[in-house]
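These are the structures in question, set out in turn.
In the two assemblies presented below, subunit A is common to both, partnered first by subunit B and then by subunit C.
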Partner chain A sequence: MKKYLAIMKIRFINSLQYRIAALAGIITQIAWSVLGVLALSAFYKSNPLTYPMGFSQSTAYIWIQQAFLPMFMLWFFEEDIFDSIKKGNIAYELVRPVNLYNRWFCQSIASRLAKGVLRCIPVLIIGFLVPAPYGLMLPPSFIQFLLFLISMTIGLFVIIAFCMLVYISTFYLLSPTGMKTILVFFADFLAGSTIPLPFFPDKILSVIKILPFASMQNMPLRIYSGNIAGIEALNGILLQIFWFFMLTLVGKLWMQKATKTVIIQGG
Partner chain B sequence: MIELSHVCKNYRVAKRSSGFKEAVKAVFSRQYTTVHALTDISFSIPDGEIVGYIGPNGAGKSTTIKIMSGVLTPDSGLCNINGYIPWKNRKEYTKKIGVVFGQRSQLWWDVPVIDSFELLKEMYEIDPAVYRNSLDELVELLNLEDLLKTPTRVLSLGQRMKCEIAASLLHHPDILFLDEPTIGLDTVSKLAIRQFIKKINRERKTTVILTTHDMQDIEALAERILLMGKGTLIFDGSLETMGSAVNHTKHINIKYDGDLLAVPEGVTIIKSTAEQIIVKIDTTQTTVPDILSTFSNQVEIKDISITSPSVEELVAMMYRDFAL
Partner chain C sequence: MRLYFKFFLMNLKSQMQYKTSFFLSALGQFIVSFTTLIGILFMFQRFHQVDNFSLTEVLLCYSIVLFAFSLAECFAAGFNVFPKMIQDGRFDRILVRPRHEVFQVITLEMNLSCIGRLIQAIVIFIYAIINAEIHWSIDKIVTVFLMIICGSVIFSGIYILCAACSFFTIEGLEFINVLIYGGRDFGKYPFSIYGKPVLLFLTFVVPLALFQYYPLLYLIGHSSNRFYIFFPIVGLLFLMPCYMFWRYGIKKYRSTGS
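Then we have the complex of A and B:
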């Protein structure tokens, strides 16, 4: 266990080097939050009756989503991992007494956390300063807040377990570009990053909400805003845990198979 | 103890000719060719030996190293290293070996070298006291004191290579695999690394297997040579026996005064001018004193030099003999 913490630590330190990138990220996320809130308010004003979420619920959704964007983005990959497969540096990772799947998993957690921790605070502060109903409200209760934290953590695991499948596919495809493009347009949309899932038509929603993508940002963001609460939230978290185990199982088995037939690129 | 017997490894490579038409065709149907990277490789290496693994590019040196270090799985054949099958018991086995791939880096690019070392300490679960000792020893032997706190990205290639080698020795491996450790280094750095490898081999009794294209590395380090060509092992023995097995050639360069009328039997003229002649002789046919006396009977010899071909030339000759 200690070795995996050490991997997380060095990845974390490595990320902290990039201060300008963090600053740029903060500005982008604040601007994006404002745009998102304005767009939603336009929908709301045109017809509040058919609006599927409370207005302040949906603004909270946007603010929290942007504050923790690096934890929720599906297409935020570890370029190091793609590089090591593509250029053959993976040879070094295979001569370590460390499970490669766990290693990459920890590395991904650390890099997302490093980015998230740096960026979330200014965005949250601005969010709380903006007046209601446009700003960020507190969660409805403390229990709801705890559920949010649990759900966000598992959501992060689900996202990374999913990303691992993309990394492993690179053993066969060599270039991750295609997979990334599909993910940006398709999976991220189904995860609720463009518009919150309740805005989807009911019939489509009933399918989408059981897919693994709905176990990523959709669950924690809606729990924070109070759109999902109580027993429904607990069920949602159970579904997240289910997807985390399934994706990890598939990933581990696939990884085992891939590393057996691996060839090292570039001599 | 390292034992390989009848190891084979093939790669399937997609091939196509150049040009747009061919590229489009390849989208629909690929043609694969099989590259025989290793064919029936067998050898064994006892503990504590330094073995030089040489051969032209693409001979299969790196593939062998990768099989021995557990990165690749061979198609057939056995490989037993200190009781482990590298690709099967990867996790336990990798604790016993150190590997340096000269063309790649194992250090984290943006953080000081010491952070990478600390990570390796955790990965290999090295006891803190052992780690401390090992680090001190390596820092002293390789002169790393000033480099440890420097981020990897600002190190020169020579400095980085020293750190790479230190990184692979922190956990006291029994066997050290060095895949082109001196590639791209200047003479001073090469010397430092050679001396260090010798010292580690002597003091820690580490078995060292190194691949290189630098014959001076081999001359300075290797007691034993494995020569690879096109995926097969074509020579296994010491440098001296390699010399005598392939080569009985000597070059004689004579400067003289007078008229040279006849060249003795059994020599080949490489170059001949009015006062200088360079000849090549085969010592199984004739001897150097015989040749010299034939010359001195005809002309007045002013200067002589007799040379054996360098290791590079020897290897070049072996490559040619085996049509590699």
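Then we have the complex of A and C:
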């Protein structure tokens, strides 16, 4: 356990270096939140009766989503993992006495956390300053807030377990760009990054909400806003835990198979 | 112009060397903007209209923005990778050649995989003009033409602005990208839905609304003001400060020495 904590610490400190990039990210995320909220409000004004969640719930969804974007977005990968597979550095990794799956997992958690921590605070502050109903409200109760934290943590695990599958597929595909983009953008859409899941047509939603993608950002964001509460929230978290175990299981088995037959590229 | 065409063919040939990779990234581009399209469709299934714009009108607007953006992304891609050119010293080589440096940056790098996005823009565009009730006449055809051409020039202007910043910072300045990608992602809806302040900003500071919102009003018959046809041309004025900033950057430029 100690060695994994060390890996996480190194990554975390490394990622904190990029402050200018963080500033750019913060500006982007604030602009995206404001425009996203304004777009939703235009839809709300043109037809408030068919709006599928409370308006302030949906704005909270957008603000929290943007504030923690580096933790939620699927298309954020560790480039050096792809490099190590493509260039053959993986040979060194394989002889180390560290489980490669766990190592990559920790590395991913740390760099996502570091990015998230650097960026979330200014976005959250601006979000709270913007007047209601356009701004960010507090969660409805303290218990709901705790549930949100739990759900966000598991959501992060589910996301990384999914990314691990993409990394492992690189063993077979080598050039990950095309497949990666196609898969990941569909997954990201189903996770609710383009429009929140409640805005999907009801029939499609009833299928999508049990898929692993709905256990990523959808659950914590809707718990924060109070759109999902009480028993429903607990069930949602259970579903998240289920998907986390499933994806990790598949990932670990696949990794074992891949590393046994792996061909080291180049020297 | 003949030289430009030659460079274009060179780029095309070199990217065609890796056919699978080329088609996969084109397909990737297609899918990426496809999810935006599904998003719009889902929203309209629920709300039917936004700010008095119907689905076909929004699709028309989205396809024109996408069209303009992908043209700019294709032909101004050199400015997108410009920080790299400065870092590895390629820009020094450009400066000693007897051609205009903007021309060279454009020809050095073309990203032709954006054809995936372009195809999609064309498909949505055709769908939208078939379904929208527009009484076509010469002036409306001119309007569409101006919207697309001037739109891509304005997007390129932002790319130049972004590239010029890297004269001073060496690294890319990401946050100007907000204007480019924000323009693309939020330009799917007519800019007026974001309210007055945003519309004013996009009219007078970064004139994206000049090619997207005002001519669209004329095109779909929400307004009969014929001046709106020429608003995209007014937007071209935006190139002047961009180019001046670029010249200023070149004057201050010091090689990174690699």
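In the analysis below, the second predicted complex is superposed on the first by the 265 of 267 C-alpha atoms of A that agree within 3 Å, B and C clash if a C-alpha of one lies under 4 Å from a C-alpha of the other, contacts with A are read in each partner's own complex, and residues count from 1 in each chain.
Note that a residue touches a chain if its C-beta (ideal position, glycine included) is under 8 Å from a C-beta of that chain, and two chains touch if they have at least 3 such contacts.
What you see is a predicted model; the values in this text were computed from it and never measured.
Contact with subunit C, but none with subunit B, is seen for A:F199 once the two complexes are overlaid on the shared chain.
In the superposed model, A:I182 lies in contact with subunit C only, and not with subunit B. With both structures placed on the common chain, the touch criterion links A:K3 to subunit B but leaves subunit C unconnected.
When the shared chain is aligned, subunit C comes close enough to touch A:A24, but subunit B does not. Contact with subunit B, but none with subunit C, is seen for A:V98 once the two complexes are overlaid on the shared chain. When the two complexes are overlaid on their common chain A, residue A:T153 makes contact with neither subunit B nor subunit C. Using the contact criterion defined above for the overlaid structures, shared-chain residue A:S169 touches neither subunit B nor subunit C, since it reaches no partner. A count of residues in subunit A touched by subunit B and by subunit C gives the higher number to C.
Subunit A residues in contact with subunit B (one complex) as well as with subunit C (other complex) do not exist. Residues of subunit B that touch subunit A in their complex: 11, 62, 66, 69-73, 87, 90-92, 94-95, 97, 99, 101, 103-106, 108-111, 115-116, 118-119, 121-125. Taken in their complex, subunit A has these residues touching subunit C: 20-21, 23-25, 27-28, 31-32, 35, 38-39, 42-43, 45-47, 50, 52, 175, 177-179, 181-182, 185-186, 188-189, 194-195, 199-201.
Of all residues in subunit C, only 20-21, 23-25, 27-29, 31-32, 35-36, 38-39, 42-43, 45-52, 171, 173-175, 177-178, 182, 186, 189, 193-195, 198 touch subunit A in the complex they form.
Touching subunit B in their complex are the following residues of subunit A: 2-3, 5-7, 9-10, 13-14, 17, 88-89, 91-92, 94-99, 260-264, 266-267.
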